[in-house]
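Just so it is clear, A, B, C and D label the chains in written order, and each chain counts residues from 1 on its own.
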Amino acid sequence: MITILAGTNRPHSRARRIADYYRNLLTELGDESQILDLAELPADFVATALYANAGTHPEFNRLAAMLDASAKVVIIVPEYNASFPGVLKAFIDGLTYPSGLQGKKAVLVGLSSGGQGGLLAMAHLTDVLMYLGTTVLPQRVRLPFINQDLNAEHGLNHDLSRQLLREQAVALLAS
Amino acid sequence: MITILAGTNRPHSRARRIADYYRNLLTELGDESQILDLAELPADFVATALYANAGTHPEFNRLAAMLDASAKVVIIVPEYNASFPGVLKAFIDGLTYPSGLQGKKAVLVGLSSGGQGGLLAMAHLTDVLMYLGTTVLPQRVRLPFINQDLNAEHGLNHDLSRQLLREQAVALLAS
Amino acid sequence: MITILAGTNRPHSRARRIADYYRNLLTELGDESQILDLAELPADFVATALYANAGTHPEFNRLAAMLDASAKVVIIVPEYNASFPGVLKAFIDGLTYPSGLQGKKAVLVGLSSGGQGGLLAMAHLTDVLMYLGTTVLPQRVRLPFINQDLNAEHGLNHDLSRQLLREQAVALLAS
Amino acid sequence: MITILAGTNRPHSRARRIADYYRNLLTELGDESQILDLAELPADFVATALYANAGTHPEFNRLAAMLDASAKVVIIVPEYNASFPGVLKAFIDGLTYPSGLQGKKAVLVGLSSGGQGGLLAMAHLTDVLMYLGTTVLPQRVRLPFINQDLNAEHGLNHDLSRQLLREQAVALLAS
């Protein structure tokens, strides 16, 4: 069971649509997966599930527990202000120690409306994940100009991106 | 008027105490300052003040407006999981465009209970701030082992740290 | 007098051609500049001008001294293996302390044949420059797909890139 | 056969001494290893073994070939100006494509005379290695204040550092 983390709490996000795409890809490759969409985070989790309250919020814990079920994680990282979303990091800040990410394998997918494709976001997140004891595979996939390449009619309409995601997924399954 | 941003919503944080220390330092150097403590963020701001709701939450806007009053900003960055706090980034993600940080001068202070002193946190935040058009002065101050060096009785009880903060403050005032 | 540093020792590099372009731009804006091309580094400088030999190699010193003549520096950074060129860093490693970069203002231009545009290279170099006491202005310019956009006949044949370089140069002159 | 890369060309470097220490550690753990010391690089390799000359310099190739013999690499990274040594990066820039680092497992050890312990150096190098297709294990070891902790009489005289290196080595062997 692989967990695909849609790394923003923005409702109906492009990150979620890429997560759906990735889940289909993993199904095609013969693997089970589940989506952890940060849009399901409790509205007040930064006040009720972090620091002194870490581990005490049932709804937060339900989402955190999805990580425990998986040895492998795909993290879809939309680029907000040249880094990862604050909400993604706040979710990680709320995981109890040792983090549900420790000892796992992870791959990262960055997306952006501009040309950077989440590159710095993925670099920053790699530092965080390595600190937590997660092995981040080297196959980083950048999806720049996602507004153009992801649309309602054709889905992810960019051949190279589709190929890179498939190669990444194959590498994750083989790891 | 300089704004000192205490970069976590943890109540009664060490970051806030360093912010208080910095405010006294600026007063000694003859400059006015105010503290923007992220502990005052609305509990549900990640659901009510970001994305489609950016700019619509009066209490969030009150905090964001404190940045507008200042051409210079001091950001106190506690290290959470080898980077900046998710909540600090989520606050930045909620600023309307152009960000209240654009065109400003900033200095960064990192703190950690371990030995890194917020180094990666400050490096990551520098990438974010440069993207937003903030000039980050090169005087990064690391405060590692802050649990030992900051205590109720003696305040910031570390001579080199006090000296580095003063040099940084002088550089900010001169910039 | 502004120094434009072409950040590779590759002979006849694209970085040098961008440096030439930038020099013309600065001339148009009314400012004098000179080009420090790392192609002029002594072939054996990593053995004869670093560490115990720092400061002792006349030809290396001649290049290093060009930095001393300038309060402002433009660094053209080709992307090699997702970071700055090793030779650019080795040149910096050979500067005697305090570095000829201390206290200066700098702007960065990244170039790449791929789509990253030197983004990580500029982020890494910013960490180095801040450590050395250089103020790096926030206007980072990425020039991705430079093989397509820079050609013998038309020079830098990309309107947005030309505009971003001009805005950056204006910001540097105003700083 | 594991290759331990001493990441500077400084003669008789502390990085080399840590490499020697690491080799003994691997021997104790029952594994064979060899040391690739960048002090053996040809003096003029940046002019004769990079770019158009990549792959043509027999002495450079001999060192590069040591990587080919190993599926696992330990990289000892002294901190120079808050990043990796320029010479280490120039060595990597000279590897022919696909790099001798592609598909390998690597662990990083940072060292510094100051308190950072090579943290940014390792973060920057991780970006480079991931780009090259190397899997970097999350166990980064920082060796700050190495001037105090490494001495002629007692070797690496710091219990926690010795423990962290052993844990890292065990993780590398198990990977």
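Remarks
Simple rule for what comes next: a residue touches a chain if its C-beta (ideal position, glycine included) is under 8 Å from a C-beta of that chain, and two chains touch if they have at least 3 such contacts.
Because the structure is predicted, anything quoted here is derived from the model rather than measured.
The two sequence copies chain A and chain B touch through a face in which the numbers common to both exceed half of the numbers used overall. Look at the CA centroids: the one farthest from the centroid of chain D belongs to B. Chain A and chain B have Cα centroids separated by 27 Å.
Once the centre of each chain is set as its mean CA position, chain A and chain C turn out to be 36 Å apart. Chain B and chain C, compared by their mean Cα positions, are separated by 31 Å. Residues of chain A in contact with two or more other chains: 120, 123, 127, 130-132. Against chain A, the residues of chain B that register as touching in their complex are 9-11, 41, 43-48, 50-51, 80-93, 99, 120, 124, 127-128, 130-132.
Per the touch definition, chain B reaches chain D in the complex via residues 115-117, 119-120, 123, 142, 144.
Of all residues in chain B, those touching chain C in their complex are 123, 126-127, 129-140.
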